[in-house]
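Both of the next two complexes hold subunit A, though its partner changes from subunit B to subunit C.
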Partner chain A sequence: MEEYQYVVLKKELFNDFIVRLAGIKKLIAPIAKGYNNFAYEEVRSGEQIALKYIPTILPAKKYFMPRNETLLEFSTGKKSNVEAFIEYESLTLFGLHTCDIAGIQCLNMALSERPKDYNYLARKNFITIIGLECNEYCDEFASCHLVNASFPSGGYDLLFTDAGEYFIVHINTESGEEIVNITEIFNKAESLHLNELTKIRENKRKVFSNEVPIERRHIPELFDRSFRSNVWKEIGERCLSCGNCTNVCPTCYCFDIRDELELDMKHGRRYRVWDSCQLEPFAKVAGGFNFRKERFVRQRHRYYRKFRYPVDKFSRFFCTGCGRCTRTCMANISLKETLNQLVKESEDRVWKRWL
Partner chain B sequence: MKKPKIAFFDFACCEGCQLQVANMGEGVLDVLAAFDVVEWREVMSEKWDKKYDVAIIEGSITDNHAVKRIKKIRKKTDILLAYGSCATIGGVNGMKNNFELDDIRKYVYGESYKFFPTEITKAVHQVVKVDYFVNGCPVYIPEFVTVLKAVLQGIPYYVPDYAVCVECKLNENVCMYAKGITCLGPLTRAGCNSWCINNGNICYGCRGMVSNPNEKSAQDILAKYNIPIELIMNKMNMYNKCREIV
Partner chain C sequence: MEKMALKYSSYKSEKAEIVDIKKLTENEKLFRVVLKNKGRLDHEPGQFVMVSLYGIGEIPISVCSSPMISDYFELCVRAVGKVTRSMHKLKKGDEVGIRGPYGRGFPVRILEGNDLLVIAGGLGLAPLRSLITYVLDNRRDFGKVHLLFGCKEPKDMLFSDELEQWNKRADIHYSCTVDRASPDWAGNVGVITTLIPGVDIEPSRTFAAVVGPPVMYNFVIKELIVKGVPERNILLSFERNMKCGNGKCGRCQIQNLYCCQDGPVFNYEQIKNLSEAI
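This part shows the complex of A and B:
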C-alpha cells in the first residue's frame, strides 16, 4: 500500500464528482428499479446511483458483449460484399462490486483464447471500470469469499472503498489516474486514510468467511467425485429451463450467430445473440438429436462450467459468488445449497467406506 | 425474381392481427415491395380466384364451413402461414371447448340453435398442414417480418421453444412474481421480446406453451407463492384450451 496510489473523495463532493465523470464520457451505474431489484443504466448525477445495492439483474457483461451485436453486414447478388463490424461505445462503469469485476476478468480470459473474440477485445478497451468495495455481504445468497472474489484483486481502473465520511480510492491504471486528474476533486491520501483502509480490510476478514464448508482447493476434487451424484437429478426435477441462471451470470458468454436478410433480399447482417445451455433447443443438432436433452444434464453442465472445467483451463473458478443465479431462480435452485449438498453427500460416501 | 402473390384470410378472430400489419407504418412499404398482395378483405376490395404463393390465415376453425374453406385455401396455395393466436393455438375461441357444444349453441342462438351447426374450436394446423407459425395476440410485427423473410428465402422459421422469461430477463424487467403478481411467462413460448411485461402487463400465455414444460416443478412453485393451480389453469386456458385436442 503506497500513499501515492491512493486518493480521497469527501462524501459531500460525490455528486459533483459523478456530474464531472458523466461529462467525460457516457456513465453507467447501478440504479434502483424497485422491489430490491437494481440495474446498470446511464446516469448523470450522484442521486440517481444506488450506492447500497445487491447485484443488478444483469451483470456488467451486457456492456462488454451486447445481447444483440452486429458482426457483419453483407450484400448479395453479383457484386456481393461483406464488411466486418465492431460496434463499440466509450463508457465508464461506476460502482462495480468485486464479484462483477471478477466476472469481467473471467470473460477477458475466456475470450482472449484463440480464436480470439476481437469484437469483445476491441470493445473492452473503450470501457473504464470504477469498482466499489463491499464492506459487508449484500445478502445471504452471495458466496464471493468461497471463490476468492470478496476482496479486490485488480481488474479495475479505480476502486472506491467507503470509509464513512469519505471514499478511499485506489488508482490502479493510467486511465484511472486520468479521471483523478481531469475531475480535480480528489485529495491526496494520507497515512491516516491508509490506516483506516487497513482497518476496514481487517474488519472484512471477520465479516467474510467461506459460505460453504469446504476449502477452495478441494472444490475441483469434490466435483470430480460428484458427476454421478443424485443432487443433479434432484435439481433437474425442479428446473424450469427458463435460462435465467445463465443469462444473469457474469461469466456465461455462450452465443448464437444468425444471418438476417432485409425484405429486399439484397442486403443483410450477421449478428450474435446470447444463448443459454439451459434452454431446450441449445444442444439440439441436425436430425433432431439433443445431446443434453435432460434438464439435470444441463444443470450439471452449468455447475461444471463454473467450478471444474475452467480450473484446468484458466486456473480459476468461473463463479464469482455474486448470487444472481440463486436470486433469480423461480424454482429456488440455490448455488450454495447445491454445493452444501455435494459436500455432505461426499462426506457420507467417505464415512461409508470406513464403516 | 417475380413477387410472390400473397393473400390474407380471416376465420374466427377479431382481425386485429391483420390490423397490426395495416398499422405497421413505413414498414408496410417494404412488405408491399417484396410481395404482391392479391386479396386482403380488411384493407382492399379486390378478390383473387386463382392460385397464390402465400396464404396468411388469421382465426381459428370453428364450424364445418370453415373446415371446407380452409381446405380449399390450402389447395390453392404453396405456402400457408398461420397468423395470430387464434390460428396458431386456437386462442380465445378455444374457450368454447370448455362447454358441451349444444349448451353453447343454445346459449348463443336460443331456440333456433339447431340451424347453427358448430364444431369444437381448432387451430389451423389441427385441420390442414401449416408451413409457418406467427404466434401472439396480436402478432409481434418484428417476428412477422422475420417470418416473411424466411418465406422469401424458402427456409423454415422456428418459433423459440423456451420461456418468455429468457427475453424478459434480458430486458431487465423486475419479475412479476417479485411484485406478487401471477404471470404465465415461465410456461409460455418466447419470441415476442416480452412485449407485455416490458409495458407493465403480465404474460397471458398467448403464444402457447413451451413444448416440454416442467409441470411438476411449476406446480411446486405455484404452491410456494400460494397460487391455486386452478387459477393458473384458467389463465392458461384463456388462450391454450385447444392444446388438449390430440
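This part shows the complex of A and C:
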C-alpha cells in the first residue's frame, strides 16, 4: 500500500461528491427497489444511492452487454446495404461490489478471446467503474469467498472502502485519478488511514471464509468426479427451466441473434438478445434433435460452465459468488446447497471406498 | 444512447451473389455462390459459413464444394427452417450475406498417405462432398478411397450425377444403401452400418470421415471400432445451431468445447467421453 495511491472522502461530503460525479457523465448506482430489492439505475445525488445493499436484481452486465443490442442495420432489395455499429453510452458505475467487478472481469476475458467480440470491447471503454468494498456478507446466499471474489483485485478505476467516518479510496487507474482531480473533494490519505484499511481487511479475513466446506483448488476435481451425480437429477426435477438464473448471472453471456424488419419491409436491424442454456430450444438443431433435452442436463451444464470449463480456459471460476441465481430461483435451487451436496456425496463415496 | 460505426465487426457479412441454383431433391437445393468483393472464400473441407438473409436470419451451412475451386463455392441447403425455406425461394442473381469460413474442417494434411473411408448419411454427404472432391483433385496424395452413402429412399439421393460418376471411377470405391427401396431400386437395402464390414481397408492406416444425422454416429463408430480403425482416426462432423460462429453465443457448446471453433470436425478420441456430443 502506497499512500499516493489512496485518497480519503469524508462521509459528510459524499453527497457533494456524487453530485459532482454525476456532472461528469451519466452516473449509475444501486438504488432501493422495494423490500430487499435493489437495481442499478441513474442517480444524481448521494441520497438516492443505497450504500448498504444486497446484489442488485440484474448485475452490471446490462451496461456492458445490453439485453437487446443492435449489431447491424440493413436495407434489403436491389440497393442493399449493411452497416455495423455499436450503441453505447458514456457511463460511470458507482458502488459495484467485488463480486460484480469479478463478473465484468469474466466477461472481459470471454469476449476478448479470439475471435474477439468488438461490440463488447468497444462499449466497455466508455464505462468507468467505481467499486464499493463489502466489509461483511450481504446475506446468507453469497459465496464470494469460495470463488475468490470477496477481496478486491483490480477491475475498477476507483474503489471505495467504508471506514466509518470516511471512505478510503484506492486509485487504480488514470481515469480514476482524473475523477479525483476533477471532483476536488478528496483529501490525501495518511498513514493512519492506511492502517485503518489494513485493520478493515484483517477483520474481513475473520468474517469471510469458505461458504462451502471445500478448498477452492479442489473444486475442479469435485466437478470432474460429479458429472454422473444424482444431485443433478434432483435439481432437474425441481427446475422450471425459466432461465432466471442465467439472466441474473453476472458471467452469463450466451445470446441469440435475430432479425427485425420495419413495416416498409426494406429496412431492418439484426440484434442480439440474452439467451439461456436453461431454455428448452437452446441446443436444438434443425430437424428437432435436442442435445440438452432434459432439465437436469441443462442445469448441470450451467454449473459446469461456472465451476469447471472456464478453469481450463481462463484459470478462474465463472461464478462470482454473488448469490443472484439462488435469490431469484422460483424452485429454491441454491448454488451453495448444490455445492454442499456435491461435496457430501463425494465424501461419502471416498468413505465407502475406505470401508 | 449514441451510435458509433464499427470498423471491425464480427457480425458483418460479405456481399455474395447466387450465380446458380440446382434442385437436387424435393427438399434440397444446391446454391453456387460468388463473393462480390473478397473473391476467394479459401475454406478447408468441412468448414462452414454463416449465411445471411437480411430480414429473415442467419444460419450456419457447411461448404460442399472443393477448396480447389477458387471462383465460387457451393452450399447444399435442405428446406427445414425459416431461413432455409426462404433461401429456397431465392433466384439466380439474388444476394446473400456470407461470413466465414468458420471452424476446423477435416485435417487434410494429416489424411495424406492414408486410406480414406468416407461414410455419409443423408445430408451428411454435403460437407463430405467438399472432402471427397478435394481428395479427388489431389488423388495421388491418398491411399484407397472408399465412399459409403446411405439415405432413406432412392429419391432422397443427393448429387446423384456425381455419385454415378464416382461409381464409374477406378480410383474411388463407392457403395450405397437405402433404408426403404423403391420398386426400381436394384441396390443395397438396409442401414449404412451393413456396408462397413465389407470394406477392404488396412484399418491401422485408415481415416474414417463420418457425417450424418445424430442417430447414425454411435452405430457407425461401434462398427468402425470392430473393424479396427483407431479412435483418433475416426473423424466426425457435428451439426449444431450456431448463432455467432465465434465461440461466444454458447449454442453449439459440447461440454467445454465450442463446436463452431473447436469443431465442427472432431476425432472420436476427443469427444468419446463427452456427453451431449453424440
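Here, the second predicted complex is superposed on the first by the 355 of 355 C-alpha atoms of A that agree within 3 Å, B and C clash if a C-alpha of one lies under 4 Å from a C-alpha of the other, contacts with A are read in each partner's own complex, and residues count from 1 in each chain.
Just so it is clear, a contact is a pair of C-beta atoms (placed from the backbone, for glycine too) under 8 Å apart; a residue touches a chain by one contact, two chains touch by 3 or more.
For clarity, every value in this text was computed on a predicted model and none was experimentally measured.
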Contacts of A:L261 with subunit B and subunit C, given as first, second, both or neither: both
Touched partner set for A:R20, first subunit B, second subunit C, both or neither: neither
Which of subunit B and subunit C A:K11 touches, first, second, both or neither: neither
Partner chain(s) touched by A:Y309 [first = subunit B, second = subunit C, both, neither]: second
Subunit B versus subunit C, judged by how many residues of subunit A each one touches: C
Touched partner set for A:A331, first subunit B, second subunit C, both or neither: first
First, second, both or neither for A:F74, with subunit B first and subunit C second: second
Partner chain in contact with A:K204 - subunit B first, subunit C second, else both or neither: neither
On subunit A, positions contacted by subunit B and by subunit C: 261, 265
Residues on subunit A engaged by subunit B in the complex (per definition of touch): 33-37, 39, 56-58, 67, 237-244, 247-248, 260-265, 274, 276, 279-281, 295, 328, 330-332
Interfacial residue positions of subunit B with respect to subunit A in the complex: 1, 30-31, 33-34, 145-146, 148-149, 152-153, 158, 160-163, 165-166, 169-170, 172, 174-175, 177-179, 186, 210-214, 216-218, 220-221, 224
Residues of subunit A that touch subunit C when the two form their complex: 71-72, 74, 76, 80, 82-90, 110-111, 113, 115-119, 122, 227, 253-259, 261, 265, 268, 270, 272, 275, 277, 282-287, 289, 291-292, 297, 301, 304-305, 308-309, 312-313
For the subunit C and subunit A complex, residues of the former touching the latter: 1-6, 8-13, 15, 52, 54-58, 78, 80-81, 84, 95, 97, 213-214, 239-241, 243-244, 246-251, 253-256, 261, 275-276
